[in-house]
Amino acid sequence: MTQPILSLHDLKKSFGATEIIRGVSLSLMPDERHAIIGPNGAGKSTLFHLISGNIRPNSGEILLDGRSIVGKTPQAINRLGLARSFQITNIFPRLTVYENIRLAVMRAHGLQYCFWRFVNANRKVKQQSDQLLELVRLHPRAATIAGEMSYSEQRSLEIAMTLASDPKVILLDEPMAGMSKEETAYTTSLIKEVTAGRALLIVEHDMEVVFSLGDRISVLVYGQLIATGTPDEIRRNADVKEAYLGEEVAA
Amino acid sequence: MKARFFWIAIGLASLAAVPFVLSQGLVNAAIPMLIAALFACAYNLLCGQAGMLSFGHSAYFGVGAFSTIHAMNALGGAGLLPTPLMPLAGAAGGLVFGAIAGWFATQRSGTYFAMITLAIAELIHALAPHLKGVFGGEAGLSSMRMPAWGFTFGTTNEVYYLTLVWVALCLALLYLITRTPLGRLALGVRENSHRLSFLGYEVHRINVLIFAISGMFSGVAGALQVVSNEAANYVVFDPSLSAAVVLNTYIGGVNVFLGPALGAALMTFFGYAVSDLTQSWLLYQGLLFVLVMMFMPTGLSGLAVLAIAAAKRHGIRAVAPAAALYLAAFASLTAAIVFLAELLGRVFSQDYKALSQAAGSGELPPVLLFGWSWSPAGMLTWLVPLALMVLGIVCWRTAGGSLRRQADAAVSNTVAAAVTAERRPA
Amino acid sequence: MEHLVISLLNGVIYGLLLFMVSAGLTLIFGMMGILNFAHASFYMLGAYFAYALQGPLGFWGAIIASPVLVGLIGVAVERYILRRVHHHGHAHELLITFGLSFIIAELVKLFFGNYPVNYRVPGDLDFSAFTLGGLNYPAYRVFMGIVAVSMFVAIYQLLTRTRVGIVVRSALYRPKMAEALGHNVPLVFMGVFGVGAALAGLAGAVAGAFYTTNPNMALELGVMVFVVVVVGGLGSLGGAMAASLLIGIVTSIAVGIDATLADLFSLFGARELAEQMGGIFVLKVSSLAATIPFALMLLVLLVRPNGLMGGKG
């Protein structure tokens, strides 16, 4: 029986007197695609912040590949093989698209303190940057200033940057927000392709994406997981229907 | 690319020709200009590129200066290094102190960072007079340039060439650094250091490294000043030097690599040129800085880039009238401000108070300004600057209107062309 | 013993003075996110205006009129300069206020000369409040303390008890919400900036008579104020008060200590070693008094980066 690559044990987080995450436990297998859905304010982004090291839980455990990552810095967690994207686009707005991707790629090549070699001379970095840009269909926009692109193009760049470090676990926070139907369809198949062999935790509101992409789905309501299971199980779950799905799925 | 090399070569050749073309006095003035240019570019690595605003950068300049003077005096005056290599002592001092100070300062960001850098500079400024062994007290420390490598380094020209070589070398290195991974990361730190953490970077360590490198080159600038002056004094830690580099850098413009160098050279030159004519040079510099920050944040180099782009797009003939008007506006407004400042400075000075008391109570004797005599009570005296200001504003507005009409014409031309192209059968 | 008490009193009063200036700075930062580099310049303007108005208005008139003038200047700065560049970001605003502080210092030199002016404690306040151990304690120092404390109480009451205060505090925490509720937030910003400036001006008007009034006073105090806000935590009035008092007292007491680090080393029998090393080890603490606040600031940065009372990180 394979070990989960990411496991959360009774995770709790309060901000002052308000409990946002009230005891969440979850196991993510090494090649599983797991979607988290839930109404607004349920705590989905907070959960991501806890896992990626942006904030510290009040109690509970987070294990990445068997190792506890509670209290580790975001950069340490990233180096251990976990990468995340952000709900609010978090790129380098005044740099070019190519520059954005290259910054994401450079770290894995050990170039962070290098001031004695030209960055252009490193062919591997250039290759990988070009590849990633091709993947998200942004190569023709390589010389554009990132902040001047459309919102959905920025989201694609965001995803590409997240993939740059070749992570074992990928956290995507509403990657399709703002995308058209065609872009969403493309990005969904892209995510399926790139996450082959990796673990994916994705927060999304688009139900079509969730049900087509997710091997398993968890439903987060008011800081608690009220259900976890395959798409069919979730579709049939009465609690979930009542709390969240309503008539949408039936339609 | 070729064009850039061409212009760089021309620039270097012109600078190399200076001692042959200009008077010794001007060569003497050129040395501090070069040093200020280097200091500004070293500062810009931290400030314009990495986005870390330091208000106490004179500390690294000063530590470089004192490291060098001690190196020059070492070994009984023979010097730890041959004279042409002396700036390495400054580099070492600036690097080490930059790393230590940077480690503290980069624990915080933004506004806090700025305050910490200011306090570190003030700390060393307050400490220096007490550590007479290191900093020499009120009189400072002095030394002598030793002959080396076949040169005596006794003439101004030799010192000029030494300074030029080092400044050119350091600027080249600073430019090359912008092409390295660390140089690109500096931009990332400025744009979104938060995201860099999530991409796996140890942002604090990167910041310290950038700070240290900036300190190193600042130290070289300090060393060059000491080699040139053969003296070092703790007034080099004065906040006014930190202020000067901030003003120079932003007036020059932080987005173009040589922008800060341009601003520093210009401001240093003007400081020398007008220091005998007016006591208010710093006031003018401060006003220019605030006006640049309010109306032209990309600085003079940014202005040049805009002008060249506009000329390329619309053609020089179309842009020239607007450019002339802007220049006229600038000249007019400058004249108005200078007139007012000089007039007020004289009226409020001690000498004038004595004069007016001698002339009798309530009497306002005339002030000698620009070769003419102006009465502070007279209408004309105040009409002149007012008229100049109005003229300046009118020129400004007209120039702006002219450019707007250019832009609109260009847009409608493009639209018309597109429409005709569409209408034409394929 | 009496020396210690006097040093303590002096320290408390200097601390209160620091607080008067840093309170405005902290309020402005907490509300608008702007670190007003020119804040200490308002302090200096307060002193100079009071000096200039002393002739026509007398001392008491001057120290009332001067802060009002400085407050108006603050309002003008916010309205015509800062508001324009707000969209460029905080670094930009910081640079502009830095430039402004520069210009104000140069203008002061232009109008009043590049040397201290003769702004002195008025005759009727120039007596001794009490004697302690044979030393006269100047009544003016007590006066400064009273002004500072009254100011603190007035601000606190204003912010917590009045309607204006509630609006200001809401604009502090949620400017957009306050605006949505119909409050004129830009007006509030202008008002807070003006009041902050006026407070600094009052501090200057009062302190300038006692300490010297010269074109460098903005920088000298300004750096101290920055140390206060780093140590106390920017945005926290309580932190600013605590840090101001701490720095005031420590500086004041240190000035009276003639011991050196070598003396400390002598406790461990290592006096000769320390004296051989020379330099910083044989400096008297009293000489180093000016540098202690900076050392304190660096210490706080190491141990508690968010300042003593937290505040905005």
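As written, the chains take the letters A, B and C, and residue 1 is the first residue of each chain.
Just so we're on the same page, a contact is a pair of C-beta atoms (placed from the backbone, for glycine too) under 8 Å apart; a residue touches a chain by one contact, two chains touch by 3 or more.
Just so it is clear, the model here is predicted, and its values are computed rather than measured.
Undergrad: When the mean CA coordinate of each chain is compared with the mean CA coordinate of the whole protein, which chain is closest?
TA: Central chain: B.
Undergrad: I want to compare two interfaces, A-B and B-C. Which one has more contacting C-beta pairs?
TA: Counting C-beta pairs in contact for A-B and B-C gives the edge to B-C.
Undergrad: Whole-Å distance, subunit A centre to subunit C centre, using C-alpha means?
TA: Each chain's C-alpha centroid was found; their separation is 47 Å.
Undergrad: Centroid from C-alpha atoms only, then distance subunit A to subunit B, rounded to Å. What do you get?
TA: 45
Undergrad: Suppose each chain is reduced to the average of its Cα coordinates; what separation in Å results between subunit B and subunit C?
TA: Here the centre of subunit C sits 30 Å away from the centre of subunit B.
Undergrad: Within their complex, state which residues of subunit B touch subunit C.
TA: Residues 51, 53, 55, 104, 107-108, 110-112, 114-116, 118-120, 122-123, 126-127, 130-131, 133-134, 239, 243, 246-247, 250, 279-280, 282-283, 286-287, 289-290, 293-294, 297, 341, 344-345, 348-350 of subunit B touch subunit C in their complex.
Undergrad: Can you tell me which positions in subunit A touch subunit B when the two form their complex?
TA: 52, 54, 73-75, 78-79, 83-84, 86, 90-95, 99, 102-104, 106-108, 111-120, 161, 164-165
Undergrad: Which residues of subunit C touch subunit B in the complex?
TA: Touching subunit B from subunit C are residues 29, 35, 81, 84-85, 88, 90-92, 94-96, 98-100, 102-103, 106-107, 109-114, 219, 223, 226-227, 229-230, 234, 278-280, 283, 287-288, 290-291, 294-295, 297-298, 301-302, 305.
Undergrad: Along subunit B, where are the residues that touch subunit A in the complex?
TA: Contact set of subunit B toward subunit A: 176-177, 179-185, 187-188, 191-192, 194-203, 205-206, 209, 213.
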